[in-house]
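Before I ask anything, let me first share the structure, which is written out below as structure tokens.
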Amino acid sequence: MTAQPQTLQRPARTDKGADLRPKRRITGPGVMRAYTWLIILWLILPIFVMILFGFNDTSGRYNQSWEGFTLKWYGRLFDIDDLTRGLITSLVVAVVSSLAAGALGTGIGYALGRYRFRGSGSVNLIMFATISSPELVMGASLLTFFVSLGVGLGVVTLTIAHIMFSISFVATVVRARVMTLDRSIEEAAADLGATAWTTFWKITFPIILPAVFSGVLLAFALSIDDFVVSNFTAGNAVTFPLWIWGATRVGIPPQVNVMGTLIFVAGVVIAVAFNIRSRRAQRD
Amino acid sequence: MTTTPQHLAGNGRTATGDHPAIRFDGVVKNYLAHGETVAAVKRTDMEIAQGEFFSLLGPSGCGKTTTMRMIAGFEEPTAGKVYLDGRDVTGVTPNRRDINMVFQSYALFPHLNVFQNVAFGLERKKVARDEIRRRVGEILEIVSLSGMDKRAPREMSGGQQQRVALARALVNRPRALLLDEPLGALDLKLRQQMQVELKRIQREVGITFVYVTHDQGEALTMSDRIAVMNAGVIEQLGSPREIYEKPASRFVAGFIGTSNIVDGHVERIEGGLALLNYSTQDRVVCPVPGAVRRGDKLEVSVRPEKIDLHRGVPPVTATGGSVLSGIVNEVVYHGTSTNYTVATAAGADFTVFDQNAANADDLADRGDRVYLTWAPQHSYLIGV
Amino acid sequence: MSASNIPDPSLVRGLSQRRLGRRDALRMSGLSALGMALAACGVQGKGTKAPASAAPDAVQQYWSDKKQNNLVRFANWPLYMDPKQPELKAFKAKTGINFTYKEVIQEMGSWFAKVQPQLSAGQDIGYDLMVITNSFQFSQFRDSGFLAPLDHAKLPNFAKFAGDAYKKEAFDPGNQYSIPWASGITGIAYDRTKTGRDITKLADLWDPKFKGKVGMMSDVQELGNFGLMAVGANPDKSSASDWEKAAKKLQDQKDAGIVRKYYDQGYIDALGSGEVWLTQAWSGDIYQKNLSEHRDLKFVIPEEGGTIWTDNMTIPITAKNPVDAITLMDFFYEVPNAASLAEYINYVCPVPNAQAEMRKEAAKLSGEDKTDLLALASSPLVFPAQAAYANLHYYVAFESVAEQQQFQKTFDPIVLG
Amino acid sequence: MSRLKRTIAPYLLVLPGGIWLIVFFAIPMITMLSLSLQEGDIVNGYTFTGHWQTYVDALDDYRTQLIRSLIYGAIATIILIALAFPMAYWIAFYGGRRKATYLFLVLLPFFVSFVLRTISWRQILTDDGPVLSPLKSAGLVPESFHILGTPTAVIFGLVYNFLPFMVLPIYVALERIDPRVVEAARDLYADPATAFRKVVFPLALPGVFAGVLMTFVPTSSDYVNSTVLGGTDTTMIGQVIQAQYLANSDYPTASALSFVLMAVLLIGVFAYAKVLGTEDVMKVAAR
């Protein structure tokens, strides 16, 4: 009997609470959540199409309409020599340019983050200019530069160009990390008898290494995906995107979809692994 | 830790004893900021003895950290010389000075574990591997971190990190250990624990500690001697008691603990005691040196806990001492004591700590008329 | 046409190669009715007497110190050879010459822009053999002195088996610098199911009924040719005023919203996907598209005429292995090799005997393979009937760089508008 | 000695990369300017004549394309802000522990080549493709209806390809906002809309500015989208420059157009950065 008033009260209260809460959920965040997912789906749709058509059982050069499922293109991945070579060129250029840009950019980023020096403003300015210049213009100016010098275009000029546009990105990432670096850690090393050289390699570098690494990864991604600058500076070298661009005139073979899929999967795996590693490191 | 490891205590170096551990000879440090020269440390001479627990105390920006960094070698003096153990080390880089430091932020190497952190200095000195393992184990025991050598710094509490920083410096058996506000990041309870701990460790290893802090309580608790710095100048250098009881300047008096400061002209001098009168019944009595003459203007300080507070009637007992009347402005209950702010007839507001002893019934209230009394020896003449 | 009978003064003075090209073009067009089958054209001799790099002893000079190095580096267009490279493998087996084959050429303009710096610096471009189209970049290559003169003593198969038409191309009389790789016809391709009727003439490309469904080419030469033919001008005889008229005609077509887009070779995809219903097209593409996707797209040479072009094998002047290159060039003119190549690329084969070869081969096969190969061998797009040539025109021949630039400036704004 | 070392250390560190940037970024720009003032042709070579007429002619011929590019870029940027903001907002404030996952999903397209993604859209949006085909069979749109070849398709492609560049900086700016600041605004009688307008949005502005910087320049100078998805009247200046360089070998015209494009964009960018402060924008951009 005594419980009765309680049971009468309770529904009334929860009703009131339910009235307030879900209403806000549905109108605001609920709609935005659906919206966000919609946009994400939109972003992923072309990737899905690309992956799907890597399994398309098309018979000829043209891979346009769905003709059934097959795995044969995975088996014949390296059938098109030039495509394979393009991919290899892309990988080699990306590795070399990301490492070189990693080294050069780390120097700049470290100096900017660590020291105050005359001319740092100009360095910042030129970095800002390279990051914000249209790729098209960078590629075009490099082309005119090489042509004026009478330098033949090829893998070397391509690599030079990729290093050029990657440096500033690496430097920016490294600078951000160095700026948040506790200076006293370096002093502690010096205090404990380490020379400047030892301090850098034993202490500073390992600490900024994740930043350097993500800078190098960024440079690698920029390089392997680059089309615009490469189009101007590759000369008769062919990279993966350049080959695809050239092949559009006669149709993209399914191998391109397969390679695109594999690059995508590899990229995602590396990124996820890197992310999990650094997150675990943070949590520990 | 009842026995001190031989090599940590003596090491045959501190025993030489002829030279002070650290000596500043006319050291000046100027910075160039926006084209202007700013003096961080004005001409300073000082000596820190072997095995001493020495504190540099002062507010932020007083130059204490710069002083310490000049000892460590992170800053070079603009003028003057720094001696370690009688050797001129001016211009010697930090990694070549036999001195180690505990940083305010601990500055532990985040990518190295406890063992690697502590072993870092020994590795630089190319100490044999076995020796390193032994000494690191030993020092970790001293700082009570045995068995934690595989931990990463970020897996440890603030107090533990602090101990690692300490061990990392101590393991090198430096001629002196510099500590830059090492307890600043710890909470109150832990800080108090660590103060005791630090003092214990210092006693055990017998190494000269130079301790930089802005916390006067900390400095008073641990130090053998304290240098109070202000605006690039050491205002007073002495034992904690000297500094507390006999502040050399108004700054020191105010910075160390709470001081009540009154000024007034000397009415008369009697048996080494000067009398400053504010009215017929309001007077301050202070011991003075012979040089003080009648009519001189004096600044007298008295600590709040030395003062007795009487409610209502003027006291008859305090005939030979100081008496000031006033009105209670503020009463703050502190548990062990009650703090009063009293507007006195001498013109200055006085702070009085009244111990909440057995007879806690004579509490004054806001607006009450009270009399403050204290013995002549508790008055201290500033700036003598 | 009659102009060809009057000695060109500049020719007498032994002036530019370009004039010779133009003169030859005129002659060629006069003979076009017979598909240039007539050999009675004395230009060759004159051609070799042409100045500069074409000096009579140029060939001798170039080749005298060249040796076989057992390597040839081949630069070609994408998908212009079976990816398995059977012909090259056969070549290696036969001669012992190693090869590298790269599909690095994607556009004449960009190819020229890419290798020009190296060639003008006298550097090796990394290739000994390259396939270039008879567009004005061909003249740029030749006029810049970037092409090695060919020693026809080393090209016996070419002499023997090349179709007569290919032995006297307007752009390279006497094949001084090039021999054809494959040839193609530019006509109209359409999807009968979409257009609902047969397309027969250029005027269909201007039909408002197909608004937004007509594809034209972005190559100004191809585009300009169709514009010229649409206004009734013969491209290789056209004048600057014809160009203006053609440009106007094309601009109208664009302004009326008839043109969907100016395509590079991407028109194939566009036609296949229904983006366009009818489009300017190259013959081999359509054949390959039908074969690979079982489509029934039509290709037609318009009543007003189509154009014929040739992709040519050339040796860059800086080639390291020219002897190996020229050996390979000749190899492709052996009938079985030519047939094998044509089977894959489906463009006009420069070796007429390949048709018989294919039929012979088909006889050995059975089933679908047989039908396919027979169909290919009978395709007028791979082996055009003589009559088809009657309707074919050549690219506009330019007398000077300035003229070429003027042509380009006339049509550029249409494509780049 | 050590002081000297400390003074020259930053220069030694900056030098290799700095020289690289000067030689392969700054000097080429100057070379391009020089070439734009030269006359000649690719076969016979170019000589410097200070021929300003090239600029006049180039702008005369391609003014439409330049202006069209800037307009497309601006439209794309505005759409990008509108699309990205709610998304970044939701991830920043309601993403909870999955924030990183959502951001990762936004970045997924970067793992596929830019060219390939754009071509993929071509395949999807084509006239008889999976999107339009059903609509046409259902009679919802006329048979000749198409998306490809229209300005809409080009701007669609630009928005698609550069969306992550807008979402990220806005997200970073929003993520930095202390939720208590918003609560404080609510506590001080602001309704949700007002709190957003007066507190959240102003604090997110640096992110929006950085996003604009990172999207307007590449979208208005892009030529891949207009080439792949565009039609006859969607030519952007990038296409013209590309064609003049890489197909026509008309270097002076191409250089002049590039220079004009860069000047227009960089002057805009620097003015913009000057007004907003480079540091702030760079900081957000660097994240």
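By written order: A, B, C and D. Residues from 1 in each chain.
The rule is simple: a residue touches a chain if its C-beta (ideal position, glycine included) is under 8 Å from a C-beta of that chain, and two chains touch if they have at least 3 such contacts.
Predicted model, so just to flag it, every value in this text is computed and none were measured.
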| item | value |
| --- | --- |
| Geometric centre: closest chain by C-alpha means | A |
| Label of the chain whose CA centroid is most distant from the centroid of subunit A | B |
| Top chain pair, ranked by number of contacting C-beta pairs | A-D |
| Rounded Å distance between subunit B and subunit D, as computed from the means of their C-alpha atoms | 59 |
| Centroid spacing, where centroids are CA-atom means, of subunit A and subunit C in whole angstrom | 42 |
| Subunit A and subunit B, separation of their C-alpha mean positions in angstrom | 54 |
| Residues of subunit B whose C-beta touches two or more other chains | 93 |
| Shared interface positions of subunit A, touching two or more other chains | 64, 143, 147, 245, 248 |
| Subunit C residues counted as touching two or more neighbouring chains | 107, 113, 116, 269, 273 |
| Residue ranges of subunit A in contact with subunit C within the complex | 58-62, 64-65, 79-82, 85, 143, 146-147, 150-154, 234-238, 243, 245-251 |
| Contact set on subunit D toward subunit C in their complex | 41-44, 61-62, 64-65, 122-123, 126-129, 144, 146, 148-149, 230-233, 235, 239-240, 243, 245-250 |
| Complex interface listing, subunit A residues touching subunit D | 28-29, 32-33, 35-36, 39-40, 42-47, 49-50, 53, 64, 103-105, 107-108, 110-112, 114-115, 117, 119-120, 123-124, 126-138, 140-145, 147-148, 160-161, 163-164, 167-168, 171-173, 175-176, 196, 221, 224-225, 227-228, 231-232, 240-241, 244-245, 248, 252, 256, 260, 263-264, 267-268, 271-272, 275, 279 |
| Subunit A partner contacts - residues on subunit C that touch it in the complex | 75, 78-79, 83-85, 101-104, 106-107, 111, 113-118, 120-121, 123, 125-127, 264-266, 268-269, 272-273, 285, 288-289, 291-294 |
| Sites on subunit C touched by subunit D in the complex | 107-110, 112-113, 116, 140, 143-144, 211-213, 254, 259-262, 269-270, 273-275, 401, 405, 408, 412-413, 415-417 |
